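For clarity, chains are labelled A, B, C and D in written order, and residue numbers in each chain start from 1.
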Amino acid sequence: MTAMPRHRVQVPLRWSDVDAYGHVNNVQFLRLLEEARILALSAHGTDDGGTLLSSHLVSTGLLVARSEIEYLRPLEFRVQPVSVDLWVTSVRAADFEMSYEVHDGRGGAPFAQAATVLVVYDLAHERPRRMSAEERGRLADWADAPLHWRHRRAPAR
Amino acid sequence: MTAMPRHRVQVPLRWSDVDAYGHVNNVQFLRLLEEARILALSAHGTDDGGTLLSSHLVSTGLLVARSEIEYLRPLEFRVQPVSVDLWVTSVRAADFEMSYEVHDGRGGAPFAQAATVLVVYDLAHERPRRMSAEERGRLADWADAPLHWRHRRAPAR
Amino acid sequence: MTAMPRHRVQVPLRWSDVDAYGHVNNVQFLRLLEEARILALSAHGTDDGGTLLSSHLVSTGLLVARSEIEYLRPLEFRVQPVSVDLWVTSVRAADFEMSYEVHDGRGGAPFAQAATVLVVYDLAHERPRRMSAEERGRLADWADAPLHWRHRRAPAR
Amino acid sequence: MTAMPRHRVQVPLRWSDVDAYGHVNNVQFLRLLEEARILALSAHGTDDGGTLLSSHLVSTGLLVARSEIEYLRPLEFRVQPVSVDLWVTSVRAADFEMSYEVHDGRGGAPFAQAATVLVVYDLAHERPRRMSAEERGRLADWADAPLHWRHRRAPAR
């Protein structure tokens, strides 16, 4: 396999993302990831071959079941967008894990790394649904290594 | 030790916390945790004995280094506040982990569980600072068991 | 008529309402007004007599057609809620104007004054609808004088 | 004078701008205007000739004293940015009025029109400051006709 499976999108900041400390607020980072995910889905949800996510998957809904994020260095407001890399780190019957890295797009150390578990949801019937083999296959095409979490606390004895 | 070390605060929702799906948006849950933390700090940061966090700790700054959250059931808008329980699950030299449970305050299953790692930060010198033995002791008084994460993916081989 | 027709609600601030200048952000003031309106509607929308807005009016939807706000002095973050007074300053066939004053509830000069025009909207048919005589009557019970705008620019010649 | 004095910027929406009704929330429209203003200031605040706002003006601070907005048709979420036109409709000693039109950039009817009064503020001394003749002159170069407000209520007798 020679292709780079990570997908990169540019996400513009807003001045209102900055809090009283003068940095992009830690909660707003998750807003930036949400935007990155929607931009990636939009870019790939409308054609038919080799896409990150099929349009069927998008239209039937994705719910966030879990989020994890580590803040690695402060991000100040800038007019230039930040770069967010997205890739898939786990695929199961009805959910998958997407991982993210937020950086400046010019080789600097990342501002944050994160992962979310997304449940494929049948909005009409209000329940999770199993993905087809084709859907799982498309996600698998975007697979890359899981993140190394730097600051997880040891689990309880 | 007989005291219940968890601290409970009431956090009002806003109608704007609800997204196009009709539920409190997953990112806004972290906003609710931020509010809960500030309410708890405010309640305990002004007196002198047995407090969750000394006023010195509050005034010198706390930065979020890490967040982890699991969404357990959907939360619809309500005028009544949600209840958030907070407790301390790890104390180290210059940081600690706070855990949270968001629920309806009436015994129902929780809407979400979460943990954040907070770094004690010296705003004047822009660097983390070590807590005093007294500060660590106060935090230890609020210690309780870590959360059981239900949906963490297995780490990479 | 001797009763004071203004309705007062308590609206909690959030730390995230504060921007990089250290004050409640000017846009967030309109968020506070939205919350005040919903709290007032909730308090009055469920019983049957003498209410600000009938439950029928609430359930059929209200769309904001226009907002106007003047910022009178800076508001810093506080744990204590701000007070918002609401009253009705105009009633027409399918819309009405609600006016607001945001203050500290203790006699200090107001932080802001505002007005919004709300269109009574039939969500099912996606169009404005005429209010009944009874609905207009209830709104009229909450009428008080319009605001004096301090900083409107002169209209164009 | 033949030049068109209105300044146009592209403002990306966020999925989180959409509320439970499925439209960009009325309060978020003011957030879009804030972003448009910052983008315009950023584009013009760094060079030396013929700019909308001098860098001196930007660095000394602008506070919003007043906002007025009319919502003309609903805006649904789109990946494509909306267009915001900005121009100056009044200049006084220490403040000016900026007007806005939000539209699709392709000739469709506008989604909203708005105006804000901005006070030139000396952040160091925490007070408004008079603009220089040169600053007023630059703003005057961007002057265009005030908006026609469609839904202002008649003032009180």
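Brief remarks on what is shown
To be clear about the criterion, contacts are C-beta pairs under 8 Å (C-beta built on N, C-alpha and C of every residue); 3 or more make two chains touch, one makes a residue touch a chain.
Keep in mind that what you see is a predicted model, and the values were worked out from it rather than measured.
Each chain gets a centre from the mean of its Cα atoms; the one farthest from the centre of chain D is B. In the contact between chain C and chain D, the residue numbers used by both copies make up over half of all numbers at that interface.
Here the CA centre of chain B is 38 Å from the CA centre of chain D.
Between the CA-based centres of chain C and chain D the separation comes to 24 Å, rounded to the whole angstrom. The geometric centre of chain A is 33 Å away from that of chain D, both derived from CA atoms. Touching of two or more other chains is recorded for residues 15-16, 27, 31, 34 of chain B. On the chain D side of its complex with chain B, the touching residues are 15-16, 18-20, 22, 25, 27, 77.
The part of chain D that touches chain A in the complex is made up of residues 12, 14-16, 31, 34-35, 38-39, 42, 79. Residues of chain D touching chain C in their complex: 21, 26-27, 30-31, 34, 61, 63-71, 89-90, 97, 115, 117, 145-146, 148, 151-153, 155-156.
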